[in-house]
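Handing you this structure, nothing more for now.
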Amino acid sequence: MNGKHTIILTITCPDTVGIVAAVSGFLSEHDAFITEAAQYGDPFSKRFFMRCVFVPGALAPSVDELEKRFSLIAQRFQMIWRMHDGDQKARVVILVSKFGHCLNDLLHRYHTGSLPIEIPAVISNHSEMRSLVEWNEIPYHYLPVNKADKTAQERALMALLDDLDPDLVVLARYMQILSPELCAQLSGHCINIHHSFLPSFKGAKPYHQAHTRGVKLIGATAHYVTTDLDEGPIIDQAVERVDHKHTPDDLVAMGRDIENVVLSRAVRYHIEHRVLMNGGKTVVFK
Amino acid sequence: MNGKHTIILTITCPDTVGIVAAVSGFLSEHDAFITEAAQYGDPFSKRFFMRCVFVPGALAPSVDELEKRFSLIAQRFQMIWRMHDGDQKARVVILVSKFGHCLNDLLHRYHTGSLPIEIPAVISNHSEMRSLVEWNEIPYHYLPVNKADKTAQERALMALLDDLDPDLVVLARYMQILSPELCAQLSGHCINIHHSFLPSFKGAKPYHQAHTRGVKLIGATAHYVTTDLDEGPIIDQAVERVDHKHTPDDLVAMGRDIENVVLSRAVRYHIEHRVLMNGGKTVVFK
Amino acid sequence: MNGKHTIILTITCPDTVGIVAAVSGFLSEHDAFITEAAQYGDPFSKRFFMRCVFVPGALAPSVDELEKRFSLIAQRFQMIWRMHDGDQKARVVILVSKFGHCLNDLLHRYHTGSLPIEIPAVISNHSEMRSLVEWNEIPYHYLPVNKADKTAQERALMALLDDLDPDLVVLARYMQILSPELCAQLSGHCINIHHSFLPSFKGAKPYHQAHTRGVKLIGATAHYVTTDLDEGPIIDQAVERVDHKHTPDDLVAMGRDIENVVLSRAVRYHIEHRVLMNGGKTVVFK
Amino acid sequence: MNGKHTIILTITCPDTVGIVAAVSGFLSEHDAFITEAAQYGDPFSKRFFMRCVFVPGALAPSVDELEKRFSLIAQRFQMIWRMHDGDQKARVVILVSKFGHCLNDLLHRYHTGSLPIEIPAVISNHSEMRSLVEWNEIPYHYLPVNKADKTAQERALMALLDDLDPDLVVLARYMQILSPELCAQLSGHCINIHHSFLPSFKGAKPYHQAHTRGVKLIGATAHYVTTDLDEGPIIDQAVERVDHKHTPDDLVAMGRDIENVVLSRAVRYHIEHRVLMNGGKTVVFK
């Protein structure tokens, strides 16, 4: 990382007077030009959240030096903070089962550069997506689940993820429930797409549940994975209008478009460091 | 009702061959011009639903005669059916508590004629809305709830509704739970607006529940009242995008606009006889 | 086509009494079970539109015989009509230039069977999409445009389309203006996706126009191609919210998702014979 | 204004390094607690925009003194700026003709306190809305237009507005075209609701234009009034889905709900000082 790189600074800390002044004063003194900034103080949790994008100028010190100096301010305000290299592509590992629409959508955005990520691997408990993935010149790891010993597959998965060391894991319609251990290990950097408007219709076959209940809108929800199934912090949601004529299969088909859009938005927000955790909720600086 | 009136025919029956032919043949033979028609066969419940708007021509018999003759067809197909006078304004009684936005919205639509209804009365357990209602020259019935004996108020309410004999009762943010008896009595002609996107956030303070969960869309649901609280057949729903900045009060304020639109649409669908019941769900011929 | 096939009957004719009765009576008499039907009488153009899906029963005659007998009714009502084989996949030729998102989206829907079509060819004035298309085992025709003689390319294109004889041509971000002759030849079976909410921002670079004007929503429009550029009958549209922060490049990126959804919906409506022409407008029986 | 009042600081200036640092440093030094802040640097116009809400603490000087001291910073950065009293209700004058839905909506929000404004007067070229306005205890000024001398009415209107000295003038379906002089006089503090999704369907009868064109979505646009009819900076827009069945009258009726929501949002953004002008566009800090 050199002085020309864009840097994205994210901060969470107790809310108090003077945080913005301290941060922006620090950046100004170190010849950093702010190109984007957003902050939010939660009146309920009394936490403060900030995201600040800046370009170090000719007189700015190295990023290492910047970080070292900033740590004094960070200490004063008890900040959880990080300076991310804005030009470094995030390493995103995608997990998928048999439904390939979200995978295909993410691969297309990756392929055309519209989503600036690296995909070191796609992992699946099925083999169906191999050809698509390999056409994109991405390694495909087939880890089938043996129903008699599901934990064996997950151990292999965890070992593989350890090796790959991704910045983000995306469950792109991966139809296996992760163990609490794996959920904990991936905490804060694993996004799932659930095919309903949460908290409605948790669990299996949400479109069928929606059909049975007779709702007039269906939706999809991208959220961080936690040990509580379908209860993690929500990043984005969207809905589409349906009516009595639609069968569960119609809802499944219509839902795919919503899932694609919601999941790819959530991935974008995450890799651009726009999402900060606020207890069981998210702050998303769009 | 004379021959010039528009008639709205609604039909529900077991699905089979020849229903549309029989109905449209009957109308054609009796010089009735169909201006609007919609039908739906539910592959799950095997029920058939039809709504047909027609104008009797010069050679058509009286409506009484039409009904008499049609009953033969109806019998053959085991129809639940009715011919509604399309020019007869529905009698709509509105129940309200302290939040007046839905009431104000409905009254404005009534006042300007955009919603072709009569409002023989507004009933409330509070007095706040009296002035607004009486400015619209509508009788206001104040039925306060005595917490020691809630049933007294409901007995008075039931008696009043018996007297008024409305086609539709609208719970426009009426914050009292109706007894199973009253729910049963009003079955199929009582619409409630629930201030959440059902089935999420049933019960009290849904906007606060939504805030706590951190959803990214909030919604409102208009549904028929049944003895199962917030579980009745859904007529319409809508949502609005929210984000982390919104407090519960913001959600309440934003939700009002959604509630207005959803409730008034549901009322319109009902009074135009566009809603047919399909078990715990609705068929809505928009 | 045998008796087991689903048949989709589409009808356009002057509005008058008895059309539905005649059609449904005919189907009933010929042992055809209607599974879906929709009709509309336009009070302005005085035209009647009908779409009727039916399954011939055991006693039904052959489709040829059905058509022959139906032509008597058709003649009586001056119908423009057709019985389409509902199980026959439409032959769809896709034209594309350098932006591959709509192509990729359509190919994925084709590949997974969610869009029941055949794609005998993809044609492009560029070579970029060859690999993607050939991975899908579809012939790719590269017809580059020589700026000195644009008509040569179009002659080749017309000859190729003549050979392929498609049911539908889709301009999936094909950035060449078709000649009036080709527009006329493709009239009614060529769909274009325009990357704005028409009639706003016709012509080139609509997202840049939208940015300059400062609109708060951007959109996309799928329409039939006519000789009037971007003036053809609209099939579907959708929009997405934007704000002051979005650059033209952001709008282009966001717009892709809208274009995908709108174009694929329009293609689906067309191949399911849900779109009927009403002068310069469409009737879409969803 | 005393130290306890919330203050909303708005700033527009050329973009450069150090603005946020200077502003937030100033506020921090003067014991002001920032509760909300948003900024934006336009890479095209090279202008910087900021909105900052703060509460002066116990040690803060008077607002007059704050303003005096801040003017030094303002001068350095060539700021167009203002400190608004966040607890001062804006004085909003509403102009209306015969369609009362937007007026009714705004009055209801005013009446219930959901829109914290004062309405010193409603002005109309018709008398229809007098009763509604006076029920809300607001003076109603009836200024009929004499077609032979339209300027007489406008002179009276201008004199009245001079007297009333409003912070904002809202054209809530006021169907008269303002003269260039009046537009200039009201520049930046007069909001119009146009009943189309601009720039589509400028001018008269936009819903009829939309029906003729056969669009699949209709919309409404709130914008600042300029001398160019329907060309002023857009504050907010929204749309609703329509289809072939809708007559122009249906579109008018459906459009009312969109107009209400869009206009009331634009008014809220304006009175909360969330809208800054960026050439012919707006920056809206939601």
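Letters A, B, C and D name the chains as they come in the text, with residue numbers starting at 1 for each one.
Here, a residue touches a chain if its C-beta (ideal position, glycine included) is under 8 Å from a C-beta of that chain, and two chains touch if they have at least 3 such contacts.
Source: prediction; values computed, not measured.
S.K.: Looking at the contacts, which chains touch subunit A and subunit B alike?
M.R.: Where subunit A and subunit B share a partner, that partner set is C, D.
S.K.: Could you tell me which pair, C-D or B-C, is linked by more C-beta pairs in contact?
M.R.: Here the pair linked by more C-beta pairs in contact is C-D.
S.K.: Farthest chain from subunit A, going by mean C-alpha coordinates, please.
M.R.: Here the answer is chain B, farthest from subunit A.
S.K.: What's the distance between the Cα centroids of subunit B and subunit C, rounded to whole Å?
M.R.: Here the centre of subunit C sits 37 Å away from the centre of subunit B.
S.K.: In whole angstrom, what separates the CA-based centres of subunit C and subunit D?
M.R.: 42
S.K.: Listing for subunit B: what residues touch at least two other chains?
M.R.: none
S.K.: Give every residue of subunit B touching subunit C within the complex, in rising order.
M.R.: On the subunit B side, the touching residues are 17-18, 20-22, 24-25, 27-29, 31-39, 41, 57, 241.
S.K.: Over in the complex, which subunit D residues touch subunit C? Could you list them?
M.R.: Answer in residue numbers: 40, 42-44, 197-201, 213-217, 219, 233-239, 243-245, 247, 278, 280-284, 286.
S.K.: Which part of subunit B faces subunit D closely enough to touch in the complex?
M.R.: So the residues of subunit B in touch with subunit D come to 100-101, 104-105, 108, 112, 114, 135, 253, 256-257, 260-261, 264.
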